[in-house]
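Below, each structure is written out as structure tokens.
Note that chain A is present in both complexes that follow, paired respectively with chain B and with chain C.
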Partner chain A sequence: MHKKTIRDRSLDLLIYLFLLLVGVITLLPIANVLSKAVSDESAVISGKVGILPVGFQLQTMKYVISSSQFITSIGISMLVMIVGTVLAIALTALTAYPLSKRNLPGISFIMLLFIFTMLFNGGIIPNYLLMKELHLINSLWSLILPALISVFNMLVIKSYYESLPESLEESAKIDGASNFTILFRIVIPLSGPVLATIALFYAVYYWNDYFNPMLYINDAGLKPLQLYLRDIVMDADSSSAMNKSADDMMNVSPEGVRSATVIASIIPMLLVYPYLQKHFVKGVLIGSVKG
Partner chain B sequence: MAMNYKKWMMATLVGGLSVTSLVACSSTGTPGASSITPASKPSAEVSKATTEPKSDLKTLQIWQKDDYNTYPVAKYLEQKTGYKVQYDMLPQDKPEDKLNILIASGEPYDAITIYGSTDFKALYSDYAKKGALIELGPLIDKFGPNIKAVIDPEALEAAKVDGKLYAIPTKSISNVNTSLYIRQDWLEKVNMKSPTTLDELTAVLKAFKEKDPGGNGDKNIPLTVKGEAPFIDNIAGAFGIPNFWNNVNGKMTPRILDPAYPEYVNYVADLFKQGLLDKEYAANKDATAKEKFTSGKAGMILLNWSDVPTIADALTKNIPTAKASYISALKGEDGKAGLAAFRGFDRLTFIPKASKHPEDAMKWINAKLEKETFINMTIGEENKHYTLKDGTYTPIQPIFSEERNAANNFLTGSDDTNYPIYWQARVRKDMRLFEAWEFMNKKEPANTKVEDPLGFAPYLPEFSKSFQQLNTMVGDYTMKLVFGAEQLSGLDAFIAKFKSSGGEASYKEVNDWYTAAKK
Partner chain C sequence: MSMIRAELEQQTAHMKRKSIHKSRWKLFRNNYDLYLLLIPGLIFLLLFKYAPMYGIIIAFQDFNIFDGFIGSKWVGLGQFAKLIHSDEFYQVFNNTLLISFYKIILLFPVPIIIALFLNEVRRAVFKKTIQTIIFLPHFLSWVIISGLFMNILSPSGGLVNHVIEWLGGTPISFFLDNHFFRSVVVFTAGWKESGWNAIIFIAAIAGIEQEQYEAASIDGAGRIRQMINITLPGILPTIILIFILRLGYLLEAGTEQILTMYNSVVYSSGDVIGTFVYRQGLGQQDYSFSTAVGLFNSVVGLILIVSGNELSKKLIKRSIW
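On to the complex of A and B.
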């Protein structure tokens, strides 16, 4: 390895500084919302709060976090995310496995069926009617079931399975392993990174899902966080103000409360992201190179 | 690494197990499933099976911050009316879309309450015409004596579609909401009185700019207004155009066709040219205008009375010596003055055909209008939530705000004679709020309060169709005139465009109704 010259180093420094600057810029809006959440409401209204809080207080945060609707919503979101992700990854991994065996009879037809759903689907109203007939309106299953198998994710796992050397499975078979043993003891353990990545995709999907709950959930006690958040943030929006009576106008959430709700709801994701990010990068890379 | 794989394998296995266990749970309906299916469903069925004589009702409400089901008013109503009600709510964002889906798919709601604004009125009328709603007339005759007794007959009449009633209207309390709010201490510094005419207003704004009472140097903004208000309330009233439609020689006339329109534009454009109106008028959002006012840069702002407490708090925090109040309705050259007052429906409550218990729904709506129930539902219990003295209802805080703040969302029809009086308790929760409201609505001469003449118009298809678009068109054009991007010499061309974009048809439709209604 050759030694870095001063020129190289100063160039490195410059690049780092530049990247740091770009990074900081992307953080500015978040910093602004954060400061609004912990600033005095009067300062927020008079537009004094920029990146740093003015008149620091935690009252607003406390109010938001202790509101029962917020706690319920975050609980619902967690529940949907955890149950959804676990089921989705299990089903997706199990679906991908037989499809990765190209010599099975009829496999290309079944593949075609899957691909078909990627291109065509029923649309909102038929889906809604389906959910209604299944009695899933106002049930959290309506948020979990429709997204259990994403064909795209399934294909990623499938191509990863296909990249595993066939000789591994053959040798296991010679040692007397059944198909299930091969799947659970050999294939799945070897697919750790890709499964982790796909699990993350599912988790993020379930966490961020807004549209399904908007359609299928009417009970305020079952609203996930994203829906709750949208309602709160929309509260002062002029398009909804049009319908508001004097009573509603008196009850609009102040800007500080809205900012605090936004902050409180990104905290859980913010906490897990650093730990999961390495899987994200690794898993996506592995999939793309070998797949 | 091996550990990681093991973990993932475990996760997969657990996942597989939980599928089977959860499926098992929900199929037997054991309480274990209630963590994931709504708890209300099984319990609702159980209570129906027991000796409860009244059926359970399911209603759809408009959005509010708190869950209706756990709100104190819901508990009170259940105990008082005997009906156990499950409240669902529409989202805050695009509630129309959701409502359409729910109606189209025939969700069995027993009562649906929606906003009473133009676009929702159009939806209601559409549902009624397509036969999705139950006609309420016969039900009211049988089960709705209170409805007949307390709801304003004019409102009931206006809620009819093709001569039949499909919804119980909740009348809006007719309030003036917006006017000009002025820095009293600035006025004192420039030694002037609160303006009462347009000329005085110009003079005051000029003094605010030149004498620098705010100590901002040349950065003083004499008047700031949000860009969403191309017609500045109170000033527009002085030209006789407080509302979108105004009576000109017996004809309902939209502002753009009003002979006073050019005068209004000239006056405001002149304010702008002289630097008396915020340079950023068009770009101002509601929040930016408030920022300018509360940080002490602006001398006047167009403000809703419901904002007064927060604005006053922020202002005094920044400038402890600041004082502010509303100005009275300005008089124009020929003595015209007016503040737009809201008139119309606050809510509409209807019973869809899909309802399983329409009779009970009607009984429930009727029971809520029982005098004692109604007052308790809206403002609570005497000496617990409010005190009554000399006919004035004063809230007891904080319990009033905690338990009755969202009470207005439980209205399904109101006692139109008494509710405006009870309602004042809601404004008295903050005296500054009350004073601001009282000034505009009670202290000003009654003839300055100009109600929207179209408030109780029935559903007018042409008008509903083009209202939004025309409103935006006229708003944009007016803004451009104020800034000098367009000249009044082009007004005729714009009016032609206005008429061809649906303005003509609306005009005819509105006036046909208006002449018929006057008779």
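On to the complex of A and C.
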């Protein structure tokens, strides 16, 4: 018995150390950029900043946040995220309902049409040419429309509808309720949590998407945050962030500006993260158990 | 007698069929509003999913934007012949497979280990804190993650190179060195998703019956034995299912990720099918050739995932659809 407790204890130690290490590795890159964003410029340039700020200042953050391109981009991202999420959750929730009625003729075929798009797609170029044909290049709709239904998300909602007790709908039908009444008065109100979760999935998708903007948006005034950030990150000398007048640049370095821009882009996500985490985990579990 | 019975059976079968037919029509008519509800979704599906599939025909053409889909010259499998004879494609295909294999071999076990270990943690606060931290990177975009790692791996003043110098080494330009670029791609992919991917295994572990552990500990099995003999076999079907699913994405080595990280210096190690399609198509405007490459990619992906699903049905009686 005694021997086993020692073994168990060393196992515990190994486990705690491993998980601690994973946690530290996760936080390190973020902590490093964060401290560069709020450290004194000379310390940043001379490479003295580790995980703690050296010579705390908020000048660089202020400079980044007040840049007109940053403000424009945040606005564009918000707009795309809000409009996209509202339309996407509405369309997904409504389409999922008829698809949950598997006994209706033709439904399983239509379901197959949806599922097939998860396995096979046209690819980048045909999608680009489609947007061109639709005259959506340099339109924010090109970011919103192609992502309105994620089949995976729809399957999660569909299986949730299917899990609701059938007796509810049947008794409403006996009382003479139409399908629409049942959907809007019974099914959707009962699906609040799952719909909220899927709405968050969409919101995070729209907020983080840089691929579609990279393909379809080249007008600087329409660049969402991720695309703006990409210009700054990929652009080694960071000239696009440095288009302010010379005296503004006196005490900011490209590296500091880059770090501050990354941090400014992370902050909105960090603010809602505790809430996100709770709902996302739930959503993944619904999807995995029933999907 | 037997003839009459046969005749009767035929009759009733016919009537049954007729009534099924009739009731199907009735079902359709009584629920026409549900079908109306499908219309917006179907329009979306046709326009944004199936129309691009129609666009694939340009892979068999020498497409140019002025002649359009109908007027462009047909070249049959010409683009695919070009693909087979292109050295660049071999390079790209090779990179794709290598990065994908590294990602699978090195990263697939990590979430399983994390889940197994988290399950052993009894201190709720520690468990919760670690989970909150390791789920976070999933919510960051690739652009942000590239920014984070370009900073920490920078050859001039990056934290990692500081440590390398301190240990007596010379600084490494991780993003500009063909020896290291793939490692950066694999590591950052693990950094982003390992924690998050553990969720599904955490859920699977939660589904294992507690009695099994109780019985085992009465039998004197220690925690390591329990982990290996109960927990691991308990989540094995989930592991196999996720692994098969993962194999289906073999040719998707991380296009969106690499597009935020690479540059012309590391094309020879980091250019993958997806990034190649993007560059050839939208950079060089070689629409037909890049669509052909993309089609090759999609078809192989489709075959992989369908056969993976069949395999999973046979092996563990579970399927993805």
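Here are some notes:
Definition applied: the second predicted complex is superposed on the first by the 238 of 291 C-alpha atoms of A that agree within 3 Å, B and C clash if a C-alpha of one lies under 4 Å from a C-alpha of the other, contacts with A are read in each partner's own complex, and residues count from 1 in each chain.
In the analysis below, contacts are C-beta pairs under 8 Å (C-beta built on N, C-alpha and C of every residue); 3 or more make two chains touch, one makes a residue touch a chain.
Fair warning: this is a prediction, and the values are worked out from it, not measured in the lab.
Taken together in the superposed arrangement on chain A, chain B and chain C clash. Applying the stated contact rule after C-alpha superposition, one finds that A:M214 touches each of chain B and chain C. After overlaying the two complexes on the shared chain, residue contacts for A:L113 are found with chain C alone; chain B is out of touch. Shared-chain residue A:L195: touches chain B; no touch with chain C. When both complexes are overlaid on chain A, the residue A:L104 reaches chain C alone and has no touch with chain B. Touch counts on chain A: comparing chain C and chain B, the chain ahead is C. By the touch criterion stated above, A:L129 is placed in contact with chain B and with chain C alike. When both complexes are overlaid on chain A, the residue A:S46 reaches chain B and chain C alike. After overlaying the two complexes on the shared chain, residue contacts for A:F184 are found with chain B alone; chain C is out of touch.
In the superposition on chain A, contact of A:I137 is made with chain B only, not with chain C. Of the two partner chains placed around the shared chain by superposition, chain C is the only one that A:N32 touches, whereas chain B remains out of contact. Clashing C-alpha atoms with chain C appear in a single stretch of chain B, chosen from 94-102, 238-246, 472-480 or 490-498: 94-102.
Overlaid on A, the two complexes show chain B and chain C touching the same residues of chain A, namely 45-47, 91, 94, 124-125, 128-129, 132, 214-215, 227, 230, 232, 234, 255.
Chain C makes touch with chain A in their complex at residues 24, 27-28, 31, 33-35, 37-38, 40-42, 44-45, 47-56, 58, 65, 113-114, 117-118, 120-121, 126, 129-130, 132-137, 139-144, 146-152, 154, 156-159, 162, 191, 194-195, 199-200, 203, 222-224, 256, 259-260, 263, 274, 277-278, 281-282, 287, 290-291, 294-295, 297-299, 301-302, 305-306, 321.
Touching chain C in their complex are the following residues of chain A: 4, 7-8, 11-12, 15-16, 18-20, 22-23, 25-30, 32-33, 36, 44-47, 50-51, 91, 94-95, 97-99, 101, 103-106, 110, 113-115, 117, 119-130, 132, 145-146, 148-149, 178-180, 183, 204, 207-211, 214-215, 226-227, 229-230, 232-234, 255, 258-259, 261-262, 265-266, 269, 273-274, 276-277, 280-281, 284-285, 288-289. Looking at the complex, you find that chain A touches chain B at residues 40-43, 45-48, 68-69, 72, 79, 83, 86-87, 89-91, 93-94, 124-125, 128-129, 132, 137-141, 184, 188-190, 192, 195-196, 199, 214-215, 218-222, 227, 230-232, 234-236, 238, 240, 242-243, 245-255.
Taken in their complex, chain B has these residues touching chain A: 1, 4-6, 8-9, 11-16, 18-19, 22, 26, 35-38, 40-41, 60, 62-63, 65-70, 86-93, 98, 101-102, 104-105, 107, 115, 117, 120, 172-173, 175, 177, 228, 286-288, 290-292, 294-295, 304, 306-307, 310-311, 313-315, 317-318, 342, 346, 405-406, 408, 426-427, 433.
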